[in-house]
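The two complexes that follow have chain A in common; it is paired with chain B in the first and with chain C in the second.
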Partner chain A sequence: MVSSLPTDRAPALSVRNLTTVFQTREGVVRAVDNLSFDVYPGECVGIVGESGSGKSVASLSIMGLIGYPGRVDQGQVEFGGRDLLLLNDKQMRSIRGTQIGIIFQDPLTALNPLFTVGRQMTDVVRAHRKVSKSDAAALAVEKLRLVGVSAPESRLSAYPWELSGGLRQRVAIAMALLLDPQLIIADEPTTALDVSIQAQIIELLRSLKDQLNFSLIFVSHDLGVIRSIADRVIVMYAGHTLETSQVDALFQQPNHPYTAALLGSAPTLASDPNQPLPAIEGRLPSLNNVPKGCVFAPRCHFSTERCVSERPLLQTAGQDGRQVACFYPLGAPVNEGVGR
Partner chain B sequence: MLQNLVLIVVIVLAVFILMRLTAGDPARMSTPVFASDEILQTYREQFGTDKPLTAQLWDFVSGLPKGDFGTSFRYQEPVFSLIWQRVPETLLLAFTALVLALVFALIVGIAGARWPGSWIDRFGIAASTFGQSAPTFWIGLMLVLIFSVNLGWFPAVGFTGWKSLVLPAIAVALAVMPADLRVIRASMMDALNQDYIRTARAFGVSEARITLFYALRNAALPLVTVVGIDLGYLLGGTIVTEVVFNYPGVGQLAIDSVNARDYPVIQAITILTAMVFVFVNLVIDLLYMALDPRIRIEA
Partner chain C sequence: MTAVAPVVAMENVVKEYAVRGQGGKGTLRALDGIDLQVARGEIVGVVGESGCGKSTLAKLVVRMESPSSGRVLIEGQDAAALSKDEIRTFPRKVQLVFQDPYGALAPRMTVGGAIEDPLRIHGIGDSASRKAKVSELLTLVGLGDRLASRYPHQLSGGQRQRVNIARALALEPEILVLDEPVSSLDVSVQAQVLNLLRSLQQQLGLTYLFISHDLRVVRYLCQKIAVMYLGNVVEYGTAETVFSRPRHPYTLALLNSIPDHQVSMRDQRSVLLRGEVPSPIERPSGCPFHTRCPMAREICSESRPMLREIAPGQWAACHFSEDVPALGDQERMSAKAP
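After this line comes the complex of A and B, so read on.
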């Protein structure tokens, strides 16, 4: 079960059997079901999945930001020698922003429209450190410069809506970096941006990661984006982990039919513009009514009776900690690994 | 600005015409029932109500730019000073009530938004439903019955110091509080669900600061709007309470003047109230700009 990446270092973050549920009118819904993964220092783990796959809920669960009607039902989130899920509000608050930073999807709504950039950044500093306003502002300027914001001093007095989308996201990144956290969670940080700005932001995050050596969890629905930044990738679907792999290996040979279908439905430069893009038929199952067997079975071309009646567990498949939850994984070398 | 001016002109005309359409002759109201036609005619000449309507309208309108609202039929005093004497009492009542209503609505509304469904939230909803449903005069009478007649804690009528203020202020506060409470609760709930609140939380800002600073600042715009509406209501709407408690304010004067068909006083009170309303709205627009930098840019 446990990801066994060959490494001599201890993971910066270790998530085990994380299950987050939401209480709805129709009953209890499992938005994240039994998620386990490690993030090593300086590593970028990508979590990919479509809307409703549970990827954002997973990142919010790690930060302890799941509010009513949701709650983390079980699991451990080991970080800095402690299980974050066992901390009280005050202890958790002292970790947020200082040891774990977060970047949200849409910087326009994620930043408060009535406060200036400087006010919001210094507020974060002063929530954790007893420093003067000018010292806090100096730190904000330093981080804004680090993320490539020109004339950072003058940006402090700007309101978020006065900045361009790319600049706003840079501000959000600078805010996440303010207190030098060891782990950054980026929840779809490029989704709300233009494609050209996307590339800039991804490049920025990658160079910052190399420079500052923080760990990064990068959540996205976009496999191309994940490929360009992540070292390892977790494929989520309907709250379940279907596959986890080194990023190159995943793109070379997807083991799970869902991953393969996902890759197949992305347009490439080689695809014929006159042919319709292949799409995955059917829809993501409602979380109220998750299939009893494999969650992807209803849409899978390879599904059998066994897939419908029995749920495949995540099993080691091949090398480098690769795991797949499928009875009939794709790719020859993998078949030897499974089927035990 | 122009639309405000048009508004005032329409109100001036409306109040003038409505008063003349009301049954009852001011001269008859000011004289004994057995007064002869000659006496009535003397009064009418003195009031100017014997002149054609257009002439009466001109008399009334021509004085307005100079701030001359005419002379009260009943008191034979300049209308403006008559009203001016009553203003402090009404202002005192209005602002005491507003402060009471706002303090209650802010505490209960914010707590209700923060902890929906909690006992304090349910208490707030019950209190606002009660305040909204129960007529002000009935609340006034009940307060008098309980606290003046039965318990004897406060005077029932008149104005004899701060104790006379308590019951009328509570009665008026109960009338304006429900709207305040609902608006504060709803706008705070909306603000607390915004992404930037989640951001603040994700960066370790304390819950108290998130609620009272980040969210409340964003909920302030609807709050300012509703306080503006309150002020309008309070400056005209303390009438019922003033009558119930025989409280010597502008509202009481307005009712007495209507009963006596004292046209100049009614016209003046209506116009002044309208002007205050317009002014309050202007102040609110300016406050918007102070509170929301986005509006400042557009302006």
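After this line comes the complex of A and C, so read on.
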């Protein structure tokens, strides 16, 4: 397991200052505000956040799947020596599926109910490669076997709705892997699944990543899921990155008060049933009305006047490329004159 | 299972639905002989994965469905055999809170109207006293009464679920059936609603039947746990015993499947349950869990194990309960947050 940033290698994907906006009746909202991160080969970067944090919009922006009324306002997404944001739809389509694989939350809507699994998989192969139908089918069988689908030949003739939820998600993963992409983007891929199936899928993704050495961006709202798969984590809130860190360091010692509060408010099997859960008071900010200073300030126990009026930038904190956007990060020496 | 007279008692409850599929007509057995008792003032959690029958169980308790056989007794009365007058007062005993707080509220009715509705339907009080009651209920669930004139779309998810809870409490029921009440909420808001549910239960002496797929939430809130699998209760006991020393291999597997943010990936156990839940239309013979059970032996496919008391206050339906291994690492169960 990597404990430090693999800086000796070039990142597979490099996102810089990504900002995605949506035109709404109330005005322009920034769903993702100035997001920057790298993903190295064989690494899993987890993006964790609640509703409206921008985690899904970020992954859609990278894939070039933001449609009206949204648009990527600025930034670069470096992948394979190119800036994906400068590509046209046709160029982007050829990258999606071949070099970037995508896994969505709900495999039933991601798969077309009118076509068999085999038809959909061979269509993907033949859209990008000049191969015969039987070769494409052979590739589909190979990938289905890779993701642990039993009797893969017979599954080719099945329709997605004939499969169980777990099997469907395996098929969706096999489809994402068809053309050996360097990067997989998975948006809440286990959220619709039961826990026992979720555990199987996480285990599968983990072992596939180690085996095939692709990079993985894993988006989830579930802290436990993120801890069980990610090497590094980005914590997002109201479109902003509040903290990035190696996974264990983040969970052992969160630097941002939001991360700490989020960890505290999620019940675990070890939570004391006799104590109230330390909930985060208040509600998630509306993107129409994002606080002027720190986006978390209105709900933060430690906020000061400075937090309300000035927005803290993401700054290096400690080792291993850890970053936090907070004037008073936890675990750091207390600044003089700050009433905590 | 309890000495005190239960407020909810299910006696060998079976619920079947006729289904039509590719193979012609069939019968889907959603509940396969449930015996469950809930004592007054208890919080009983019902956990299980999709298709285990937990929501069907909730519907039977609130009388949205009636059992195919067996009885559901609410305060000793058979819910299916109520007279006309008794049916009218039944909602004053049992209320249901749904998972989706948005879907459960009429979009064109104000929050105040939604909470007042049950009072109006049951002819309680006059307009002024009902308004006062609405404002009292809103305060009770931690919302200001200025929200009474708002519409559901103007509220956050957490506020909407509070409104649903207020409405469920309007008739002052004794029993709340909560079907995945926090599942669609964000983590930070989920904690607020869990705290609210707990304090309401203590304040009003309510009895909860809390349906959830999330073992972490159930562990936190509930005193008793019923673990369901394919229409059966496979384990029942106090939350403490069931979670610290499960006696059914399915419970153990579920506990092992939970991704825990307090445990590093390197330390996480990878005891995985193979396969998926079988169809309730073609149920396995013998023990319903034997097709996925790592401990299954020949007898398991032949004879169905009955729920039996394994330890004081703990029942399990397994031929080999005594052999179910202890949870891998006990320190995980008692680990404290850093």
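Methods note: the second predicted complex is superposed on the first by the 322 of 340 C-alpha atoms of A that agree within 3 Å, B and C clash if a C-alpha of one lies under 4 Å from a C-alpha of the other, contacts with A are read in each partner's own complex, and residues count from 1 in each chain.
Rule of thumb we're sticking to: contacts are C-beta pairs under 8 Å (C-beta built on N, C-alpha and C of every residue); 3 or more make two chains touch, one makes a residue touch a chain.
This is a predicted model, so every value here is computed, not measured.
When the two structures are laid over each other on chain A, do chain B and chain C clash or fit?
fit
Does chain B (first) or chain C (second) touch A:P276, or do both, or does neither?
The answer is second: A:P276 touches chain C but not chain B.
Which partner does A:P69 contact after superposing on A: first (chain B), second (chain C), both, neither?
In the superposed model, A:P69 contacts neither chain B nor chain C.
Identify the partner contact of A:G27: answer first if only chain B is touched, second if only chain C is, both if each is, neither if none is.
Neither partner.
In the superposed arrangement, which partner chain does A:D106 touch: chain B (first), chain C (second), both, or neither?
first
Check the residue A:I95 against both partner chains and state whether it touches chain B (first), chain C (second), both, or neither.
first
How far apart, in whole Å, are the nearest Cα atoms of chain B and chain C in the superposition?
Value for chain B versus chain C, nearest C-alpha atoms: 5 Å.
Quick check on the complex: what are the chain B residues that touch chain A?
194-196, 198-207, 209, 214, 217-218, 291-294, 297
Residues of chain C touching chain A in their complex?
49-50, 156-159, 186-192, 194-195, 198-199, 213, 215-217, 219-221, 239, 243, 253-266, 268, 270, 272-274, 276-277, 332-338
Within the complex, which stretch of chain A touches chain B?
Where chain A meets chain B, its residues are 63, 65, 89, 93-98, 101-102, 104, 106, 109-115, 123-124, 127-128, 159, 161-162, 175.
For the complex, give me every residue of chain A touching chain C.
1, 50-51, 164-167, 194-200, 202-203, 206, 221-229, 247-248, 251-253, 261-271, 273, 276-281, 283-284, 299
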